[in-house]
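In the part that follows, the structures are each spelled out as structure tokens.
Two complexes follow with chain A in common, the first pairing it with chain B and the second with chain C.
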Partner chain A sequence: MIAELGHYALMLALGLSLIQSVMPIVGTRNNDAVLMSMAVPTALAQFAFVAISFLALATCYVTSDFSVLNVYENSNSAMPLLYRLTSVWGNHEGSMMLWVSILTLFGALVAVFGVNLPIKLKANALAVQAWIAAAFELFILATSNPFLRIANAPFEGRDLNPVLQDPGLAFHPPFLYLGYVGFSIVFSLAIAALLEGRIDAAWARFARPWVLGAWMCLTLGIAGGSYWAYYELGWGGFWFWDPVENASLMPWLAGTALLHSAVVMEKRGALKVWTILLAIVAFSLSLIGTFLVRSGVLTSVHAFANDPTRGIFILAILVCFIGGALALYAWRAPLLKQGGLFAPISREGALVFNNLFLTSACATVFVGTLYPLALEALTGDKISVGPPFFNLTFGPLFLPLLVAMPFGPLLGWKRGDLLAAAQRLLAAAVLAALAIAGGFALQHGGPVLAPFGVGLAIFIMAGALVDLAERTMFLRIPPAAMMRRAIGLPRSAWGAAFAHFGIGVTLMGIVAVTAWGSERIAALKPGGTIDIAHFRLTFDGTFVRPGPNYSDLVGRFTVFRAGGELLGAMEPSRRTFPARNMATTEAALMTRRLNQVYLSLGDPNPDGSVPVRLYFKPLVLMIWLGAVIMFIGGALSLSDRRLRIGAPRPAKAAALQVPAE
Partner chain B sequence: MILWCIFAVMTAAAVLAVLWPLGRRRQRFGGGSDVAVYKDQLQEIDRDRAGGLIGDAEAEAARLEVSRRLLAAAEAHRPPDSSVATQRSLRLRRIAAVFALIILPFGAPALYVALGSPNIAGEPVFARVNTSQGSESVASLVGQVEAHLARNPNDATGWELIAPVYMRLGRFDDAVLARKKALALKGETATRQADLGEAEVAAANGVVTAEAKAVFERATALDPHEAKARYFLGLAAEQDGKTDAAVSIWRTLLAEAPPNAPWVGFVRVALARVSGTSAAPGPNANDVADAAKMSNDQRNDMIRGMVANLASRLHDNGADVEGWLRLVRAYAVLGERDKAKNAAADARRALADHPEQIKRIDDLVEGLGIKG
Partner chain C sequence: MTRKQRRLTLIGGGIGVLAIAVALMLNAFRDSIVFFNSPTDVVEKHIAPGTRIRLGGLVKTGTLVRGDHMNVRFDVTDGSHETKVAYQGVLPDLFREGQGVVAEGAFDGTGLFNADTILAKHDETYMPKEVADALKKSGHWKDGYAQRAAMPVGGPNK
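Right, the complex of A and B next:
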């Protein structure tokens, strides 16, 4: 019965989204506040019904109701509670439900928290959001219905894909989707503004919290996915330029560009046309990402041809929304008035520089991801565009961006002084030079460029600190006054410094791992030892450890420092899942400060030896730590009081405001 | 009935959400405006100026810019009408109400009647545990029987007992093994042969393999009236593309069926699927047709996935002759003759040390008619 309630709730949500997508727009056209105000309760009700639907599906999963086909195919009653829950989004139908749930959640958030939005903008934006929701609800009901039933319920389900039975997968997709779908609100706001034909500097302020929120979640989602691939897939790498990864990187690049161009639009009224375009592009790339991952195009063009209904449906959604949005843009954009002028050397100039390089980088990823697909579809030739392509194109585009990054925040608006900025960055440059020299002194046999990479990372981190020091007049005024300045500093300034610092941290991790990481592959018999970096591992033997719905063939290793000090044990394993007749690699990780030793097992050889892959990954944790710092930066920026400006306050509260505020 | 009552309540809530704003007479329309943003920006310029983030001249220019925007925004700000409802907007509101009253209480249930399955009760596993038939008790029972059989591998009744449980649990490979044991220990009957064939078909994800077909033929040789075997022989003909043969097998089967045979509806649906006519009316013909359609849609996917898995496994470890046999057969069933031939060639290479196994591959290739 619960499944049927969820099914029906989804249908009601579809009905509500149809009403929500028409009435508010009719209201704005006729300047009728009552019709416009319909957007809010319908958005809330639509979210409530989608939430009921999602919870119903989750209940079926948690209680292992195998009379639901989707549950039978993707779950198993022996799985631990966490995986029974996460298998809701470990499959196509369920993940589309999550997608729509988040989509309507954002609609409801705008309805509740968008109090500072002008009423027409809000009504139109909620209507556009409802178009998207309606399209995807229809998609689910027509081609990917998770509520189909089986008359005679089987006793046991077919289990979740073992690769996905991992805590990393519990949190990575929801965050990724929050990011992907978060850009839908920005898209809706952009379309709403184009519909109304009024786009001005204030729009950027209104859109900013939503851009920030989406960007933060996407950052964490990408980092989580990268960490999951790192330890679960057993390859030991953190980024593979895999099309699925690229699909999430593209909206991130566009979103980062949008985040920066929106600042210019807000402060100076310039770059309006460009910012609106980026808002459309960021969500379009999210949609393309969904299409790539969900249609089966990625596994092969043939897989797509085998089940074309879904793919063609998503393709149709894609064409309607992206094509429609760009057409509307082409029609309305020329009507926009351009904003103020500025000199090339200025904060605005630096942000334009940032946008040029970020969007070019995004374009290279786009080409590298889609070109092989297009080629295979047209000619049938299979080519693979791998890391070499991206290292040759993406790297050189990102390098100038990273070098210029510390300069941007130090330049003034309208007309900056590059020389003064360079002088202020002198301390950072000195630190970087020391790091490069130190790198060369300590390095034996690593790549020549590695110390420069470390120098750049130090430069970026120090640059972010210099920015903060400059603003708080560090060491130039008494500490008490400095503290006051630090507290008085806009949170967005803190946020920017944090985010830039995070980039430096991530870069440091990437450089260290790629330049100084080491790898050993060997077949070990019990009692054998293997050395890596300054560690020595002894193989004690294998044993079998049963799990709830799998059994582990565990290899036990004891880890010593080269001097002989005992550091602990590592237990990598091969995990076999009988329900799917599949095996996964469970790597063992030993964390020493920010470094990790990474150990994974192969299938045992007939002679009793076990193949092992052993990696030493120096500073590898910094890669993901940087992403967390970026997230915190985003959160700081999101808490900036300016983002709440424009919300009408009750008269009483306004009277109590301190004048100095 | 309870279900439909809850549906009614949900629908009413949805309608209410739409009608509520329409019903309010006087209301305050909140909503921010651009003006507040620009006022704040003016203050911000002062703060930036004090912090040395912008030069004096630039600050003055920026202040001018923002002031211009502020003026424009204040002029454009026209609060929407709420008190004076024009004739036109009243009509629009009425249309909105009618729209909501049609789409929600009629559209959603219509869609549900088309797609929903209100008659299937939920069967969460914990509820089954409460009725002492839970999967946990099934699992422990199965474990006990398995332990018993490990000790007494010649207990034919044990094998016969556990085989249908394996089938229900989806452990088809185990079911095939159990059926074979029972057959060997208890002797051949048409029913046992047919059951074995059924398990083999299930293990091959619904494909009637050559092996299974031989088993069914053996069963009908023992007893020409064995209905299950005949049904599957019809299915085999259908999968071979011999639709006419399938139709004639199933027609005869239906014609000779005892009046109350439980499988009649099943055969009718299969017949309808092949001959393109609608299924005979029955209480749950719809459900069965749905199920058949579902498994049809997914069968191809499933087989292809299975075949890909198998191929990659054999690529890593080629010493598995059963695996090679299955792979070649699967390609043949999918109609991919070249791949079947290539797989056979790979198998011969991988099994070069075992002439007797190569012979089995060659036999299969011959049997499938993909030689040359």
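Right, the complex of A and C next:
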């Protein structure tokens, strides 16, 4: 009954989305306020019905209703409640439900919070949002219905893919989707502006909170996925340049570029045409990511099922939306007026620099990810484009960006003074130079570039602090006045400094792990020891520990400092899931400040020894900590009052003027 | 600077960065691409020793030998031909005799394939796509393979 309810609610949502996708547009064409105002209630009702549908599916999972095929295939009554819940989106059908739920959620949010939006822009944007929703709802109903029943309900389900039975799954996919789908609003706003043929600086102000929100969630989603891969796959890597990862990195890069170009558009009225294009590209890359991951083109944990009709359906959605949007852009963009003059050395110039390099880096990822697929389709040759390719292309393009990053915020609008900015960054540069010198002094045989990487990370972090110090006139005015300045500073300035600082933190972690991480592989018998960095591990033996729907073969290790001090125990395990007859490696992690010791077990050898893989990961936690700092920066920027106020209205404009940056 | 000069700077900068990106990509494509080969391809193509390739097929049953210092040797087969592979390290969770495998590495002078990476690249139904295609090509594909959802997941692929 509940499953049928969910199915029916989804069909109703599709009907509503069809109304929502036509009526408001007809309204804007004929200046019919009634038709335009239909967008808001239909968006809310559509979300309500999709939410009912999603909750119905979740209920089937939580109550282990194995008469529903989707639940039978992906759940098991022995699983803990958390995993029964997360397995809702741990499969193709359910994850598409999550996608559509978030899509309609964003539509509803625009309907509720978009009170500042001009009525035509809002009506058109909600209509475009409904096109996307209708396409995906149709996709679910036609090819991926999660509510199908089985005639003779089995007693037990087939269990969720064991690698997905992890708390990380409660967190990573929803955030990633919030990020992917968040760009849909920006896309809808861009298409709405193109339909109207009218765009001004205020557009950037309307779009900015959505770009920021999507970017924040995507940042956290990618970081969460990276941490999951790090501890769950048992290989201790944080980024593999796997196509699935690249699929999430591309919208992030385009979204980051969009975030910066929108600033120029909002403050200076320039880069309008470019910003609109980026808005289209960011969501297009999200769609391509969905296609790559969900269609079975790529083999991965994320490719839940290889059903060709689904791939073709998503491809059709892809071609319609991306092709349609770009065609509309080509047709309408020349009508948009360009504005705003600036010198190459200026804040605008720095942001253009940022955009050029970010989009070029994004393009290299795009080519590296899609070239093997294109080549195989054309010639049948199978190639793999791995980390070496991206290190040789993405790295060199990202480097200038990182070096330039601290300079950007210190340059003035319109015409900046590079020399003055460089002088202000002197302190940061000195710190960086000290770090480089210190790195060379302390390093024994590590890569030559590593100290420079650390220096760059320090430069970026210190640069962000210099930016804040300059704005608050740190040490140049009395502390009380400084505090007042700090409080009066626009939150977006704090946000930018935090986000830039976060990049430095992540870079530091990446450099440290890559350059100074160490790895040991050995086959140990009980009583054996293994050393790494300044730790010594003793293997005490193995024992079996039963779990709810699995059983663990646990290896127990005692960890000592090299001096002999006892630090604790580590218990990596091999986890066997009888329902699927599969095993996973559960690595053990010991966190010492920002460093981690990482230990995973292999299959026991016939002679009783157990292969172990042991890593020392210096400063590894900084990689994800940086992402969290970026998220906080985004949140600070999102709380900036100029976003809450919206476009200045003539009467209040003078009173609410934000201090110029 | 006049308006025209500013615009030219912008366009020139854009083209410049794009040109750098293209140059970097072409350079990287020349050096860092790894081709996938089945044992039959290896026999037919005469791959030079030292060239990095990915070798894919089934681990031939009965050929897996575990030596000291975590050295392992096994044969990879696509039904028509076999290639001997040596590897040192911990094998991924899914590695079993009779199952699909993708190894990355290079041949030494004697025809032995020295793998430095054993990939566990597959989906739930457990069969690396490249291996499945190679088996189909050599005519040794059995429909049962796709149903063997029996193997663990792991390795540097998500």
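Note that the second predicted complex is superposed on the first by the 638 of 661 C-alpha atoms of A that agree within 3 Å, B and C clash if a C-alpha of one lies under 4 Å from a C-alpha of the other, contacts with A are read in each partner's own complex, and residues count from 1 in each chain.
Assume a contact is a pair of C-beta atoms (placed from the backbone, for glycine too) under 8 Å apart; a residue touches a chain by one contact, two chains touch by 3 or more.
Computed from a predicted model, the values in this text were never measured in an experiment.
Enquirer: Is A:Ser518 touching the first partner chain B, the second partner chain C, both, or neither of them?
Expert: Neither partner.
Enquirer: Considering only the touch criterion stated at the top, classify A:Thr585 as touching first (chain B), second (chain C), both, or neither.
Expert: second
Enquirer: After the superposition on A, what does A:Met38 contact: first (chain B), second (chain C), both or neither?
Expert: The answer is first: A:Met38 touches chain B but not chain C.
Enquirer: Counting only touches as set out at the top, which of chain B and chain C does A:Lys120 meet: first, second, both, neither?
Expert: first
Enquirer: With both complexes overlaid on chain A, does A:Asn30 touch chain B (first), chain C (second), both or neither?
Expert: first
Enquirer: Answer with first, second, both or neither: which of chain B and chain C does A:Gln423 touch in the superposed model?
Expert: Touch partners of A:Gln423: none, neither chain B nor chain C.
Enquirer: Which chain makes contact with more of the residues of chain A, chain B or else chain C?
Expert: It is B that touches the greater number of chain A residues.
Enquirer: If you lay the two complexes on top of each other, which residues of chain A touch chain B in one and chain C in the other?
Expert: In the superposed arrangement, which is not itself an observed complex, chain A uses residues 306, 581-582 for both chain B and chain C.
Enquirer: In the complex formed with chain C, which residues of chain A make contact?
Expert: Result: residues 161-163, 225, 229, 233-235, 237, 240, 242, 244-245, 296, 299-304, 306, 341-344, 352-353, 356-357, 360-361, 363-364, 367-368, 371, 381-386, 388-389, 392-393, 396-397, 521-523, 574, 580-585, 600, 602-603, 605-606, 611-613 of chain A touch chain C.
Enquirer: Would you pull the chain B residues touching chain A in the complex into a rising list?
Expert: Listed in rising order, the residues of chain B that touch chain A are 2-3, 6-7, 10-11, 13-14, 17-18, 20-22, 24, 27, 29-34, 36-38, 40-41, 44, 47-48, 51, 53-55, 58, 61-62, 65, 69, 72-73, 76, 78, 80-82, 85, 88-89, 92-93, 96, 99-100, 103-104, 107-108, 111-112, 115-118, 120-127, 135, 138-139, 168-170, 284, 287-288, 291, 294, 300-301, 304, 309.
Enquirer: What residues of chain C sit close enough to touch chain A in their complex?
Expert: 1, 3, 6, 9-10, 13-14, 17-18, 20-21, 24-25, 27-29, 31-36, 54, 66, 70, 89-91, 93, 104, 121-125, 128-130, 133, 149-158
Enquirer: Quick one: in the complex, what on chain A touches chain B?
Expert: 1-5, 7-9, 11-12, 14-16, 18-19, 22-23, 26-27, 30-38, 40-42, 44-45, 49, 52, 60, 63-69, 77-78, 115-120, 122, 141, 145, 147-151, 153-156, 158, 198, 200-202, 205-206, 266-269, 306-307, 339-340, 412-415, 471, 490, 579, 581-582, 642, 645-648
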